[in-house]
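Down below is the structure, laid out as structure tokens.
Chains: A, B, C and D, in written order; residue numbering restarts at 1 for each.
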């Protein structure tokens, strides 16, 4: 409930983007800049662009939002180039330091390579050990450096960079939607389950790769198609070709992309995200009918589902909150200079909508529940006579190993309480979650199998044997000699 | 239509705020900080806070948003104090330079005084000349410095600061909602017409003054009542008292506060702003019925009216656009590195909502119309079969002299075109504006007369004889000797 | 001893600069920028430039060094203009806040005026009261605002700005070297005693005013002559003319300008500053002969006098210290993260010069003596067998009311200790100060009488009746009503 | 001649520093901070510190001066730790980008390692190719990453990190003074020729490693001894031990360290740098006697040699210039807003010293000569009747491959002109350089052989077969497939 406002939200991992220029007047850096703006919701910790100017690679990557990292002077300082790779990130594996910002640019025996990655490997610790044993050194704690080693090691023997990718894929377990740039090629790679979205499009004659279709549109282009799970798509001077060796496995697109992560105006694997959210609301209305006077959504993530609920139930839709759009990351928390809870600064109920009404409040999900409780109290203070809380996602009960940061169960309210306990904690008159069966039906037209592991504990591929967050940060072990 | 996104919006002037502490644990600077966040929509050019620490005045005021000006270290550097005055500003009179940032802090014969002002005087040029003739020097081009002179000149003879204010008011023509701080007193002053809102509230036992009720709530307080047009409210150690000498004149609250300026969750002079906007939409539905499949609002300013239209007309309400919330002031305009119009970056239609539909698009107003035209085209590109454009404000035909920056008629589309011409320019199937009679009815329960001068050319008080924007910027005159 | 390195130095007040363009290709802002760089030693707290572009005044003034305030983009944002006034400041009267940064730009009945001031009035409190009683309001605590009122009040009746200056001068007591800019004129004003230096020069055909000749040279110009004490020099389209009504009074140029404040390459009132310092050293050698092996100066302020001592005495001159040129204002003091005294970071003795030697150490003055003690110990640690400390200024015993910040006697070592006590405190083998008679002789060729009040307590004009540092900062007085 | 002021100076490479704490109250980061301040003259492009906090490595490294990179908040954010490595850099190999900032921190099979390097390998291109062929990927263009691979590859088989260093050294050709940090050890390594200085000291009981002795003193410590060319010094919990396998080869300490690079208060390989410079001046007086009235040095690099010349020749020493100490890297060059050459802003002659005099001007060296010419003209304008220019270094005729950036001969004035031509270009009455024989004698007491290759073309080890500046920046090669 309003979770995204208060830092309780689930942290989606990253957005990736790439452009291969085929018309001289396209500015690939500008296209990436607009693309990153459209992908900013996928990661606000750091961002970067690497440009390829006839084989010379130039990069800029920093902690910060696109608007902070790519200032006017920073953009002007970048060469125009004929290809680029871009990335925005919220850390999952690896601590939030600049060394982990992407794109990665490295040099190997065949020249420079840039890499942008969305996802999470489940065997990165094992791979890291294996590469170190044959002399590798690591500069970061990111999975992306592991992927870079996996590909470049294959390239010592493979005949081309795309063959190296093809041969490296069986070693890489887990989620990876990649954009890779070599001196002459731009390559899109999606893991065989397709955990994270990836699609391709056109800006005029030029080719573009993006995590979501909204970024292609923002860059002035048109969506063409999704990259198939397991597919490798290569763009070079000869055009575009596809390697499908690893396609056809069991699909596992993260259903939470539809519920919360992706932008409502995106089309992911054939299904409209906005429509999926309205369907979630409509299904919620069928599963959890309530006698009420108004349906409101938690801004902004619950609005679509609330509208779906209202339309299905026939209860009027209302605008329940004013969300302060000027609250940013520099907002100073109340504990520093003010005593009371200051939830009103970020989100204020519109009394006219809820006063004297029985209110249905819809949000995308409930994680810890602490904010939801405050928001419910705000509605009661504003005069709501009843508050019914409905979540368009099922209860979070299990960790995600594929890029969404919910691997600790101890904070998940649903993993530790019964429905009735949660209802009491939140202080609502009734509480309901969309069922797992329901959530599987929201993405009408989706061409890919779905992963619902965080709700069911059943994953498309095995869970990781080891998890390690940041190997640079270990203590001195007993038997070390150095 | 999406005007606020593209810099075409009307520039409301300012927000003012003040706190008089009566309980030791209240941090008046923190309260002002939260209050300013809630008033940020009234002015994003500069902001400031002046604190009174037992007679010692300390101020910080800078160009920039609250989040930029009041960083953690800036807040920590401010003394705690027992009173403060705060301000956020968008320049109307005076160029956008820091010298015009408020609050003003000056020293006169009776000690220091701080002043925050929302509004616009119509006789400031005459007053400035008068004061200069008796030896005044001016540091800024702001009306606020003129008001400071008017009050302090009276204070030479008046027995108290509030008497000086009372005696100065007949000299001040136009709009002024003021918060004034002297060594021991905090004073709220609203001009006799009440052009701009001003209200008072309580944070615990302490008193608070604000442009809008939403700021009182954000600071953890409760709204008590509006300051009456013409009223002077004095807070000091003896409590609160009111001077009503100038009350009872013809009211002229700006109706555009309800249509666009004020925040939807505020209550202004007895009327809910959100309800006023929904009523505007409902009245629009009665005045301009359309056969359509969906009603959408231009984010964010048209959403409330769109909902009112949908509810009155029975046509389903839809979420028509995704607005990119990461686009800020540092966004680099497309002309610099990208060729096409990039309206898609800021606002993208949700195809699922409009495709194959007859669409009613509601916005608060139309100023120049250039953006509206682009947005209409976006809807058609997304598959809308018809687009009907409805404005919840009447046509802008006349300048505002009281604080809203529309004093040049040459850019106003409605002042230069017939309705049919405008319809063709915008490229819509039909176009409608709420009538002047309609807009007068939206503020249900409003206790104050309304100014609709920008629509009708009829103002509650006479127009200014001279207008001057910035006297510091004049060229050398022929007969000057210096 | 090394006082300037450790923040113990006396704070000289300000530098002023002005340009009147007579050739189109002169960029007056660039000239001022270079001039300010050359005057930076006179004030590092804030700086500013005001430009006159055909009657439109534009200013930039900020806390910070010239290099910080006038960045490339800041310079580019300034109009080119035909006249400008510039200032750098170290606060004497007035707290170190931006409101006191100069130049002051105000508007009065005859148009805009800009003002840059070096000096200190002794009757500013009285004048401030007088002006407030007739309705003045003050925005700052600076003497300069008082001067602005004095001049503009006269301008109500006087026939020209220069007449107003002429008539205001008898009201202004104390030190003031001013540069004043009106729409058409640039005016230099020096108080009748000439406490602070002021000179004029030429850049090609254009006229320039500066605190010191080094600034004229830095701006690409040539020194012409000093402004006479009491003189008003007016530059306008008709050329240059002088008003000498107030000339001919008893002169009082601050002797400490020669000893420490002015730059060695400047010529002040006819005397070379470098030569004056060498003469001080030579006179010191005559007054305080020592048996020693090497003479070293404290960098940078004692080097010239040390060379004079060496040449007069015949004892070899040596380079005794390496001063770290990268230590700036952001250097973090040792108490924060390191235990010991870290004088070695800023200043390190060159062992080869002092080891096994009897050392004469010359510095310009001794204020508090705490640093000198540390430096002496450093020399002993480096192997000096004897250390003889000689000051090229006499003992500071009295406050300065004319612009140098030594008005508190309690920290002055010489005001509180005998010579022998001081010798013991500093830990030196012998200690000597140049005599008052000696210091009066250093400025060979000086055309102006000298003020030696800080050494003798005898001033050219009466001391101030009241001193007030910052009237904005007073506590609430008992009988105030506001 | 004043070269260092105008960006013509030779760019020395780097400074390195390390601390191993043996007393709990030592703050190793603070020690490194002070040490870096003292080494700032060796590199102003970037700096960094890596701390080891019980095996967890933390680093900060950025483009900028120590004062810019290590702000108060940056210092406070660093853990205290028990060991650290620090570095300041001016790029020789590698472009000036942050990726090349040091210390390098990487992770290999045995854990993390940090590395700071001063020098230049002559076979880095060959080593880079070799490592890439066995699967290495490179993140930077720095030699330091090559060294990191060389050591970690050996560590796969060697029994300890110091053994790995010992085994890697024969592969590394060229100049390297290293500080290396592993989880439990701090290691100093100097190449067998000792091209760059490196020494060790004590802060209380704790150990410290530094490029120059002045940094040890600045950190509050005492110099103990130089690291011998070829020596490996290991600090760990068991104390300190030395590996001398590679000692005893032909020494090649860069003589230019004495002439210009090192700080005058440092002792390098047994010789005082200040004394070496005075000796250079004295030898110059013997080799190039002149009839003159005053000897002046170009600040700051020529002052010591000028004093030596004066003392040997008996001609009086004078202070010839005032150098503006406020001119920093943000100074805006004259071409932007001012027409004439503005050498006067940075350096102004003191007329009193040179007027009517025959002047000997001493500087450390002449590189391109363009600035020298301007400075000579300044002296003539100030009234010098004769100017004799003497350089305390011989003519630069050959490139340096070991860390000083003079590898392009085309800009070297001496490599392209006869002595008489140079005399005419500079516009001096006579011109002289110290002889190669002379320069070899300046470092009295030096325990190491000297490299004078830049003067003679004879180097202690073979020149590199290939030179490559930045392999990331190559164009697409014809036969690449990627």
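Descriptive notes on the structure:
Criterion: a residue touches a chain if its C-beta (ideal position, glycine included) is under 8 Å from a C-beta of that chain, and two chains touch if they have at least 3 such contacts.
These figures come from a predicted structure and were not determined experimentally.
In this assembly, C is the chain whose CA centroid lies farthest from the centroid of chain A.
A separation of 37 Å divides the Cα centre of chain C from that of chain D.
Note on chain placement: the centre of chain A and the centre of chain D lie 47 Å apart, centres being C-alpha means. Taking the mean of the C-alpha atoms as each chain's centre, chain A and chain C sit 60 Å apart.
Looking at chain D, no residue sits in touch with two or more other chains. If you sketch which chains touch which, the chains form one closed loop in which each chain touches exactly two neighbours.
Residues 25, 27, 29-31, 33-34, 37-38, 40-41, 65-68, 70-72, 75, 214, 217-218, 220, 263-265, 267, 272, 274-275, 278, 300, 303-304, 307, 311, 316-319, 321-322, 324-328, 330-332, 334, 336-340, 342, 344-345, 348-353 of chain C are the ones touching chain D in the complex.
Listed in rising order, the residues of chain B touching chain C in the complex are 54-57, 105-113, 129, 131-139, 148-149, 152-153, 155-156, 159-161, 182-185, 471-477, 480-482.
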